[in-house]
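One chain, subunit A, links the two complexes that follow: it is found with subunit B in the first and with subunit C in the second.
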Partner chain A sequence: MSFIDTVFAATNSLLSGALNTILSALFAIIIGTISGILLGFLLCYANRYFRFPVRLYVDIIRGIPGLVTLFSVYFFLGYFLQGYGIDLSPLISGIIALSAMCAADVAELTRGALQSIPQGQTEAGKAIGLRFDQIFFKILFPQAAVHILPPWVNTATEMVKGSTLLSLIGVSELLLTANQLVATNGNALSYYSLIGLIFFLLNSLIQFLGARLEKRLTFFTRIKGDY
Partner chain B sequence: MPELILEIRDVEKWYGVNKIFEEVSLEVNSGEVVSIIGSSGSGKTTLLRCVNLLESFQKGSILIDGNEVGYHTVEGKRKRLSEKTIAHQRVLTGMVFQSFNLFPHMTALRNVTLGLIKVKNMNKEEAEEIGRKWLERVGLSDKLASYPSQLSGGQQQRVAIARAVAMNPKIMLFDEATSALDPELVGEVLNVIKQLADDGTTMLIVTHEMHFAFEVSSKVVFMDAGKISAVGTPHEIFIEKKSPRLKEFLANFNV
Partner chain C sequence: MKIKKSIQKIIVILLAVVTMGSVLTGCSAPANGTIGKPTLQKVLDRGHLIVGTGSTNVPWHFKDASGKLVGFDIEMGKIIATAIFGDPTKVQFVEQSPDARIPNLLTDKVDITFQFMTISPARLQKVAFSIPYYTEGIGLILPTGGKYKSFKELEAAKAAGKDVTIAILQNVDSAKSVQEILKGAKDDQYGDQGLVYQAIDSNRADAGAVDLSSIMWLASQQPDKYINSGYAGHPQNYGAAMRTGDQIWINFINGVLLDSMTGATYQLYNNAYAKYFGVQLPVPAIGKPAMFH
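Take a look at the complex of A and B:
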């Protein structure tokens, strides 16, 4: 059988591999982004008793390899939850680990972006009588989003790439599927090129959507006047 | 009979161990324009920021329209009010900052209407009508849809004035409103302030523009080394220059 024929023959396993890759990355990005923004907010505005554990979490997750985080979740958290009768599947473990990594990155991005906004913005909001929540949602966050977005696109693509780690705990995502095909059919270069192309296309899509969103969010930074 | 709008009673402010000012007392009646002059570090900007509660202060009290703001006394102890209550009280004052502080992601009109909608609970149409009216008053009726980055410094500061005055405060506070502007843009902003003064707006102005202070003020306060060193009519302050320290300070300006 030619390479093309084997690819067609393996369409189902490749599709389910792609599905697992997309699912784990997508959930990690969504969960990680929402919780990361929340953690970043705490890093900026919470009192030190809340700030300290968040700081510790962010620094630890960012300071250790993703694989270690993944194994910790799968083996330790999995073992721990088993005691309560909860079975942590490899895919769920993988999503938890990737989300944890994404959250730590986004927390740091959010903190940096919020802190880069001049104090005068908050004061101007206060001066017209706005409450803190109004200042945050109407004034600070829309401006912070502009700073968060470009590196966030980077984090999102890292999640897609990082999802390959899940092959090591037995999630049949794209890499593990390719490994299995190579083991059966050989022709390593072709199979790895194929999944490489799929990863490239996935991340191109993220970058395309990110660029469009960035254009919409940052319009006010680009218009220059003719006064 | 002039109505007492702002009353500062024996206020004292510390940053840690550094005393910024003490024994500051000042009264502003409705329709009055009071200017605060003095060298950098004399505490005049900090005093202004205390009035709209952006700064805390350790002693004394500030009353706006007869009501104490920022603090209350519980069982003999002086306590700062909750941020929510303070947010309500800030509506009594309108603040114009040295660095404009317009919201860069909103149009000029939206900058003005945000507070009207969110704080005064107006609907969009009412708010925009008031916003348009004030932007017209400051000469920017053709810039309603412009973003701050499309406006000159002078135009930005005029939007900031419209934003503050549209909230219909009891007193307007100007914190060196022209200090960040190119010299050629200072005039247009001072004209807007003067126009507001002529309309009877009560104002407390921190400024380095001595000619302006002389022309527009009903009362001038000279702050020096954390105290009010002299208070008087513009004539008493700028012409008679009663104290030696005031003479020395004013010698730096061509007045």
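Take a look at the complex of A and C:
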């Protein structure tokens, strides 16, 4: 069978591999972004008792390799939870580990973006009698979001690429699917090129959406004259 | 303000106590959980067997054209499921990379591992092995269009002072194995057998040291890409790995495997052997048990 024939024969495997890649990256990006923004907020505004554990978390996760985080979740957290009757499947473990990595990155991005906004704006908000939530949601966050977006797109594409780590705990995502096809059909270079192309397309889509969103956000902030 | 600070202090102290508590108890799982039960009982209660295996090594464990997990290791898992439940489908396969074989057992993710696992003294200190269910040999696979056409040519090149690189699957004694095959050869170790083939496809290595069974399969399936160098050696036994200390489970598995190779259930093993190694084994002799011949 030629390479193209084997690809057609393995369409289902490749589709399910792509689905696992997309699912794990998508959930990691969503969960990681929401929790990362919350953590970044805590890093900026919480008192030191809350700030300290968050800082510790962010520094530890950012300071260790993704593979170590993944193995820690899969083997140690999985073992610990098993005692309570909770079974962490490889896919769920992978999503937790990727989300943890994404959250730590987004927390730092959020902290940096919020702290880059001049203190005077918060003071001005207070001076005209706005509450903290009003200052945060109407003045600070819309500006911070514009700063966060470009590096966030970078983090999101890293998550898609990082999902290949999940192959090591047995999640049949694109890389493991390619390895399985190589094992049966040879043609390693062709299969790796094929999944490389799929990854490139996925990440191009994220970059395209990010650019659109960035345009939109900067448009609004320009209209309001805040930026 | 003072009250708020005291509350904060209490929260911090409580958090510290909880953290210390978890650290001191080693974050251990509760003793009444499922972990302490004998494996055979756990499998019976659960209603299916959980087998750790791979998905990237022909003919041991791989995906067929329809994406179904098949192979000799998969058949072994089915033999055990048949022995427990009388039903070869009562088995769930957990796909794992070779380096997750021992961790997955030790963290109770699988009941048993059938993943072309070589029985070695180093591994026996960590996990228990069943009796062997296959004796594998290492062979050398060469690219059809490569520099060398046989093991003799490789030996001659090494003797002439040329550098020879042999790709091999990462294992306890991979470096030692390469030296035993061809003294002085450089070993490139990879985490997956697929990468070993990739290494010879892309000329990173002159030859790949892989299981003879895989070489025979690949050389027959794709003669335009791979040839068998003719080297065969380094016998090694493949056994099923289990957690240590559960003698009931270990005895059970040994009994089932022994019976499937030499006794009443020989057809299960013989059929699997014929399907994946292309050889029809004889019916076990009547009289003195086959293993004592």
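We take it that the second predicted complex is superposed on the first by the 219 of 227 C-alpha atoms of A that agree within 3 Å, B and C clash if a C-alpha of one lies under 4 Å from a C-alpha of the other, contacts with A are read in each partner's own complex, and residues count from 1 in each chain.
In this section, a residue touches a chain if its C-beta (ideal position, glycine included) is under 8 Å from a C-beta of that chain, and two chains touch if they have at least 3 such contacts.
This one's a predicted model, so the numbers in the text were calculated from it and none came from an experiment.
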Q: Go through the superposed model and pick first if A:L176 touches only subunit B, second if only subunit C, both, or neither.
A: second
(Q) By residue count, which of the two partners contacts subunit A more extensively, subunit B or subunit C? (A) C
(Q) If we overlay the two complexes on their shared chain A, which of subunit B and subunit C does A:G63 touch? Say first, second, both or neither. (A) neither
(Q) According to the stated criteria, A:I139 is in contact with first (subunit B), second (subunit C), both, or neither; which is it? (A) first
(Q) Just to be sure I read the superposition right, which of the two partners does A:N12 touch: subunit B = first, subunit C = second, or both, or neither? (A) second
Q. Which partner does A:G129 reach: the first (subunit B), the second (subunit C), both, or neither?
A. first
Q. Which of the residues in subunit A end up touching subunit C in this complex?
A. 9-10, 12-13, 16, 47, 49, 53, 71, 75-76, 78-80, 82-85, 90, 167-170, 172, 176, 179-184, 186, 188-189, 192
Q | Residues on subunit A engaged by subunit B in the complex (per definition of touch) | A | 118, 120-121, 123-132, 134, 138-139, 142-143, 146, 220-221, 223-227
(Q) Help me check something: in the complex, which residues belonging to subunit C touch subunit A? (A) 8, 11-12, 15, 27-30, 33-35, 55-58, 62-67, 94-97, 99-100, 103-104, 107-109, 191-195, 197-198, 201-202, 218, 222, 225-226
Q) Which of the residues in subunit B come into contact with subunit A in the complex? A) 52, 54, 83-84, 87-88, 90-91, 93-95, 97, 99, 101-106, 114-115, 118-119, 146-147, 149-152, 155, 160, 163-164, 167
